[in-house]
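Below, chain A partners chain B and then partners chain C, in two separate complexes.
Moving on, here comes the complex of A and B:
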């Protein structure tokens, strides 16, 4: 492969990364601190959505457990990054052996991600043979289990109470760098040997088995990789928000991340990126409207939940009218969309240059 | 009925099925079927509707568990192994109802089979292009498989199976739904495969014209039992076969 071909096959992640960088530069130039916060959270969410896409997009299985792994990543990383004094102040019940541990930011993020990965690897293998509704319900059960553990293990998490005193490390540019790395990682996974085989099982499990693909193993690898990314996302989020409770990693967050992926299009990496962008923008606009209506006191009892309701309605409409999201299985690519030929496609004009051997 | 003896065949270079049974509740879909398929050979598995042909393929390839009996590939027992393990033992198949990876391109459909057998994506792509060329569908390589016309879908299934470089290939009604011209093209494609690839091919098909021209040997099932076996010309003269199968058209016509 020559350089042009190499660049061409990386066209999608390069384009997506360029888009992410543009948004970041614009935000930086505008310099509005509220916008910086919103965009930083968006990039962290994007990492979570990309992690979920890695599993869901390639395996075709909806996973609710993802935000649980985000929680594990968040709690684990702050236990490593907080100073001993902050730990003693924040959680009086903390196991004594955890108090002196103190690592810099990046190793802490890594520890968070690794523990999330480890937990995912240990508990998920038997679940990977399930499909459809059974799979969805078991991943939901996983989320509930992780949540219950976080709420009740006060010697580690401070129980249902807010854990505070986390140092602020996740700046706009931290989140951008991690986001760009994640875009490339998720795209490379999709095009990897495992990713291709997993996509085959998604389209037809019997046919995949007939050519020797071990579906359970492929799904397991993807689930573990996906949990690693969720762990990273959780760790970054924790060091941005700096105080949180187990309720931060439950249904509300799950809904937002799932909505982002489903609306953008779960079957492409571009869908995850676009979904995070669109849903963040929509939420902020809706929230502004909600606040404005409240300030004007149009409704005497107040005006609440507008953002969530509209988001839910959009989600339903997308599922009804465009079940594979805005992008479907398409990837954005410079200089235009790469479309796989559709049913209306032209049999008379099959794509040229097939024998070249280097095309995506 | 001819003596179906497996002991004389070379077990190290053949697919051997011994006394295979598959009982569903109240139904003996397969009732002690034995057959041998050698490398380089084309065996036609025929019989009336519901005689157990597809069940045989599904049991041998591991989609359904066998009630009793044994299956060996080159002397290695594969009975009741998982479908993906049986594929790695060297047995590939196509499906009666087409099962393509619809969101992948035609090339990726074939490529993934080679990837599954340990090739890198680059090597797999090279092998896939070779197979597509052989099967005559390289023009459609970049098309999404879900958008293919029916006649070509069958060919992609054959190409995908071949990309695993199988020792034995099972084709479940490859000509179903094809017009005469497509059927003839398929015949030409299939005919040379076993010898060139040194693989044994088992083909289930209702198109008797195609079967008679393609197969070296026929194996006839009725109600899950073997009722005849031998060269196409011999099988035609077996009374039980005429009665159960060919007899229907004779009586009807």
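Moving on, here comes the complex of A and C:
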């Protein structure tokens, strides 16, 4: 394979990474601090959406648990990165043995991601047999369990109270670098042997089983990998926001990440990237309107929830009129949109036969 | 510890949870949809109570009736606007839709009313209690039990004796076959959503009867209870839903007595671990339905 061909097969992640870098450079050049904050959060969300895409897009199974793994990543990384004094100030109940631990930023992120991965690996294997409603309820149950533990285990998480005193490490460029790495990782996973086999089980579980694909194992690998990414995302988010509580990792955040993925297109890596971009932009505009109306005091009881109402309506409209998202199963690639094999996964009309075997 | 008071409290909790679970299962049985927006129907019932008791002179019983009607209409509206268009697409699309509807209704309440809790005026009888065999039993608990007995009888009658009920049961067994025999799908599904809304409305009265206030996030705890109860009882069977509701109430009450206080906070986590174990080892729940769900793996 010569260089041109090699580049061609990486066309999609290269294009997406270029887009991400362009947005970052533009933000840096404009230098507005609010915009820098928004874009940094967007890249962190993008990492989370990409992590969810890795599992949901390839396996066709809806997962609610990922924000839980984000929470595990956030709390674990923070316990490693905070200085002993900050820990004592922030959480008086902390287990004494946790206080002296102090690591630099990157190893802390890694520890957060590894614990999320470990938890996912240990508990999820038997769950990977389940499909449809049973799968959804179990991942939802996982989210509830992780949430209850985060809220009540105050010797580690400071309970329902806000944990503060986290050092600020996640700059715009930190989030960009992690985001670009994630784009490549998720794309490579999709095109890897495991990714291909997993997509085969998504399109037809019986046919895939008949050619010897171990569906449970493939799903498990994807679930673990996506928990790792969610853990990284959580760790980055924690070191950006610097004070947070367990309520940041529950249904509201789940809804936003899910909306990003579904609106962008759950079956492609590009869909995850585009979804995060569009939904962030839309949310910030709506949030600005919401704040403006609140400042004007048009409504005596305040004007809250407007952003979420509009976002929910858009999500429903997308599901009704374009159930496979803006991009469907296409990947963006230079110089043009290349139509990939049509995904016959869950969100789309399940189609019977195999359409278009070409793999451009 | 396990005295008459405990038994009546548990029975009352169980009958509340049974109605709660029934409302979720009646839709699940036909559409295979786990309706995340079900909790919000209860929230809307609660807000109807708040608005009508606070701002109109209507008698309480009539207000309660209207709350049930509003819950039912909301349920029908969500079916018509959101679920019907995605019904044919896929289960995942429907699940995400229900999650979106839930967020929509919750934030609409936030937007229209207020993020703060609102106090609901309750009738006198909800605060009174009666002396039975030496124990004070709140009327509220007796009313919950009586209402649930009445609703269960009514629902049984509907399902066994009317054409609509037979169509509903047939659709839960085999929806495609039922449609081929000329039963209109939309009617069956709308009826299921209507019943689900009525159940949510009735539950809202007694749920609010316990807390006397309503918030936009009121729907989450009953939804979680309904999830656990239906999984315990069996997602496919209405009897299972009732059994699941009572079993949930018994387990949660016993945990309340026997679990040490340190672990009591994690009660909900234990319930959901239980849910996962049931789904793995006995996915049909305690009450097995005649037809079983097709599963791969």
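In the analysis below, the second predicted complex is superposed on the first by the 338 of 360 C-alpha atoms of A that agree within 3 Å, B and C clash if a C-alpha of one lies under 4 Å from a C-alpha of the other, contacts with A are read in each partner's own complex, and residues count from 1 in each chain.
Quick note on the criterion: a contact is a pair of C-beta atoms (placed from the backbone, for glycine too) under 8 Å apart; a residue touches a chain by one contact, two chains touch by 3 or more.
Computed from a predicted model, the values in this text were never measured in an experiment.
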First (chain B), second (chain C), both or neither touched by A:267: first
Dominant contact partner of chain A by residue count, chain C or chain B: C
Contacts of A:106 with chain B and chain C, given as first, second, both or neither: neither
Touched partner set for A:145, first chain B, second chain C, both or neither: second
Which superposed partner A:62 touches (first chain B, second chain C, both, neither): second
Partner chain(s) touched by A:210 [first = chain B, second = chain C, both, neither]: first
Partner chain(s) touched by A:200 [first = chain B, second = chain C, both, neither]: first
Contacts of A:191 with chain B and chain C, given as first, second, both or neither: first
Shared chain A surface residues [contacts with chain B and with chain C]: 206, 209, 215, 347, 350
Residue ranges of chain A touching chain C (in the complex, touch as defined): 60-62, 126-134, 136-138, 140-142, 144-145, 148-149, 152, 205-206, 209, 215-216, 251, 255, 258-259, 262, 301-306, 308-309, 311-313, 315-316, 319-320, 323, 346-350
Residues of chain B touching chain A in the complex: 61-63, 82-85, 87-88, 92-93, 95, 99-105, 107-109, 111-113, 115-117, 120-121, 125-126, 129, 138-144, 146-147, 149, 160-161, 163-164
Chain C residues within the chain A interface of the complex: 28, 32-34, 81-82, 85-86, 89-93, 95-97, 99-101, 103-104, 106-111, 113-115, 216, 220, 224, 227, 231, 235, 265-266, 268-269, 272-273, 275-276, 279-280, 283, 293, 295-297
List of chain A residues in touch with chain B within their complex: 191-193, 196-197, 199-200, 202-204, 206-215, 267, 329, 340-343, 345, 347, 350-351, 354-355, 357, 359
